[in-house]
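The structure appears right after this line, and notes come after that.
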Amino acid sequence: MNLKQDYLFLIHFARAYALAAYKSRSLADLRQAHEGLKAIVDLELGLHVDYCREWGISETELEALPEARATLAYTRYVLDTGHRGDLLDLHVALAPCVIGYGEVADWINQRPTTVRGEANPFDAWIGMYESEEFRAAMTAEREWIDARLAGATPERFDELVTVFRDATRLEIDFWAMGLEERE
Amino acid sequence: MNLKQDYLFLIHFARAYALAAYKSRSLADLRQAHEGLKAIVDLELGLHVDYCREWGISETELEALPEARATLAYTRYVLDTGHRGDLLDLHVALAPCVIGYGEVADWINQRPTTVRGEANPFDAWIGMYESEEFRAAMTAEREWIDARLAGATPERFDELVTVFRDATRLEIDFWAMGLEERE
Amino acid sequence: MNLKQDYLFLIHFARAYALAAYKSRSLADLRQAHEGLKAIVDLELGLHVDYCREWGISETELEALPEARATLAYTRYVLDTGHRGDLLDLHVALAPCVIGYGEVADWINQRPTTVRGEANPFDAWIGMYESEEFRAAMTAEREWIDARLAGATPERFDELVTVFRDATRLEIDFWAMGLEERE
Amino acid sequence: MNLKQDYLFLIHFARAYALAAYKSRSLADLRQAHEGLKAIVDLELGLHVDYCREWGISETELEALPEARATLAYTRYVLDTGHRGDLLDLHVALAPCVIGYGEVADWINQRPTTVRGEANPFDAWIGMYESEEFRAAMTAEREWIDARLAGATPERFDELVTVFRDATRLEIDFWAMGLEERE
């Protein structure tokens, strides 16, 4: 199920990067947002469509897919947060995904029980989040957010903590959707 | 729990009517959206804050409330649908609430087992959805939507069916949140 | 001409207050934005439609009016600034109107050559900006903005200066439209 | 002056394509909007920055540029039209640029007095709008709009005519800005 929902998730995350491009005030921010959008549209969505095809799921089927509640909740929260606030709100709402996945991959790797290589069906997944490209994007994102948090008032910081907490809860639900179905 | 979450729900539905006012192209649409916003801000939110106070819940506590997942999912879906599409998309996303509650009240009233009056703790709730004001707003909403659906192409109608179906699913989850906690 | 364009200006300023309501994060901000919207929809637009009727201009005619370039430029700049940034950006874009008109009225009153009373066809206009209601709204707006500017970093302050400067230029053009046509 | 303002124009048109990507409902629409954004960010903005550098204008100078009124008016009208309406409104607001420039190039070429080649300082400009890439994009845009106009009700068509007319007026003003200064 998550394989299919990931497709819908990617579509809405592409929309979130597009919103970030729309909200940009500098050419640097516009370019950064565009790189995120490009990575999804030109690369990740294509890989995902190919991958689904291998599992017998066509692009037409993907387009007609009903969205799961967890997908709706997470993606629309990110998008509304971007419209309601400023570009920093949107980045903080995206952080559980953009930065969080790298953190999770690190944590998995540091566990003594983690098996890598062909014996682990998720090895490629962990590998992607170890890739140089992903680490560079993750570091850039963290630096961008940190630079802006440095000037935030305590009230503003509290608002952003709420955004990060809510987005993280909804990201957890999105993962749990896959786990719950498996068992 | 739903009593508190209803407060957050009302805030975001006020934001949805504000978005409808923003998107309006005619003075008639602007006025209609404003009436919806005014009903929430000047009337319903006040009643709700008063009502919560009776149950020992202060306005400060309401403001600090973490949002339940079902509240986040439903309200943000409506808001993003409004931004993504046009004013009709937004109205259709609001319809499960604006028209649906009246339908539910009618259905409850028509059941032979329904008890009205003081013996039913929800009697006032059913009463509100029978009130002349609510029925007038519900009828106006249905007529507004029907007038626009009359000119919709089949493709457009399908898009709106998806919006209505998803909003209805999320509305059901919002109600279920109360039921699940009770048991 | 400005009499008619003012009608269109009011419609779009109503949309700007609606956008402020949409973007609000606290009930206090939502209520404040709603008061601004209500003042336009329930009061100012009605007065304006009445006033135009006296001059032989019907509401239908007002609705069909082509928008002047200066109206398009000013109002859409305010609206896009609100979407691109946060609620403070939107308030700063509105300030040349909300605070500026009161400042202009004060400046006119302090000039030794200013004539008040029936001899001045604009006496009612100056009077409105002297009214207790307007002064209260103007003061509230200034305090709201000042409270938020207090915590702004220099970079953020510069962004807001650009917004204020551009909105003021476009507000001046809107006034100039009337002057140029008269002569 | 237009050379510098074109830079700002491109930034806001990139934001308009980003908004189109945000508003997309199908992967096809998302990809199409992304191609428009990519063409500006990865190609046109770079060419423009290079071109300005040849004329002694640095990227820093471009970023600090005050926006001309005609630039503000046109770009913000397009952006607000996209937020207020749906994806078709946004495309129609972009059409005077996306389709119009090709039409203008054709019209210039068909005039007996038009000189092509090195004797015409704008020869490269006309050439760009004759290029296969531009003609393909222009044709795709026209077909996209025509397909949607086919199902539009007369009321909807009138709304879109207003959008097209207003966007065209503001596009003309943008060009006139260059002419007026030259003379």
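Points to keep in mind about this one:
Labels for the chains are A, B, C and D, by order of writing; each one numbers its residues from 1.
Everything below uses one rule, namely that a residue touches a chain if its C-beta (ideal position, glycine included) is under 8 Å from a C-beta of that chain, and two chains touch if they have at least 3 such contacts.
Nothing here was measured: the structure is a model prediction, and the numbers come from that model.
Although chain A and chain D share one sequence, what matters here is the overlap of their interface residues, and that overlap exceeds half of the numbers used. Centroid to centroid, with C-alpha atoms defining each point, chain A and chain B lie 30 Å apart.
Look at where the CA atoms of chain A average out and do the same for chain C: the two points lie 40 Å apart. Annotation for chain D: residues touching 2 or more other chains are 15, 22, 79, 83-84. Taken together, the touching pairs cover every possible pairing of the chains. Those residues of chain B whose C-beta lies close enough to touch chain A in the complex are 15, 66-67, 69, 72-73, 75-77, 79-80, 83-84, 165-166, 169-170, 173. The part of chain C that touches chain B in the complex is made up of residues 11, 14-15, 18-22, 24, 26-27, 30-31, 33-34, 37-38, 41-42, 45, 59, 63, 79. Residues 22-23, 25, 83-86, 89, 151, 153, 155-156, 159 of chain C touch chain A in their complex.
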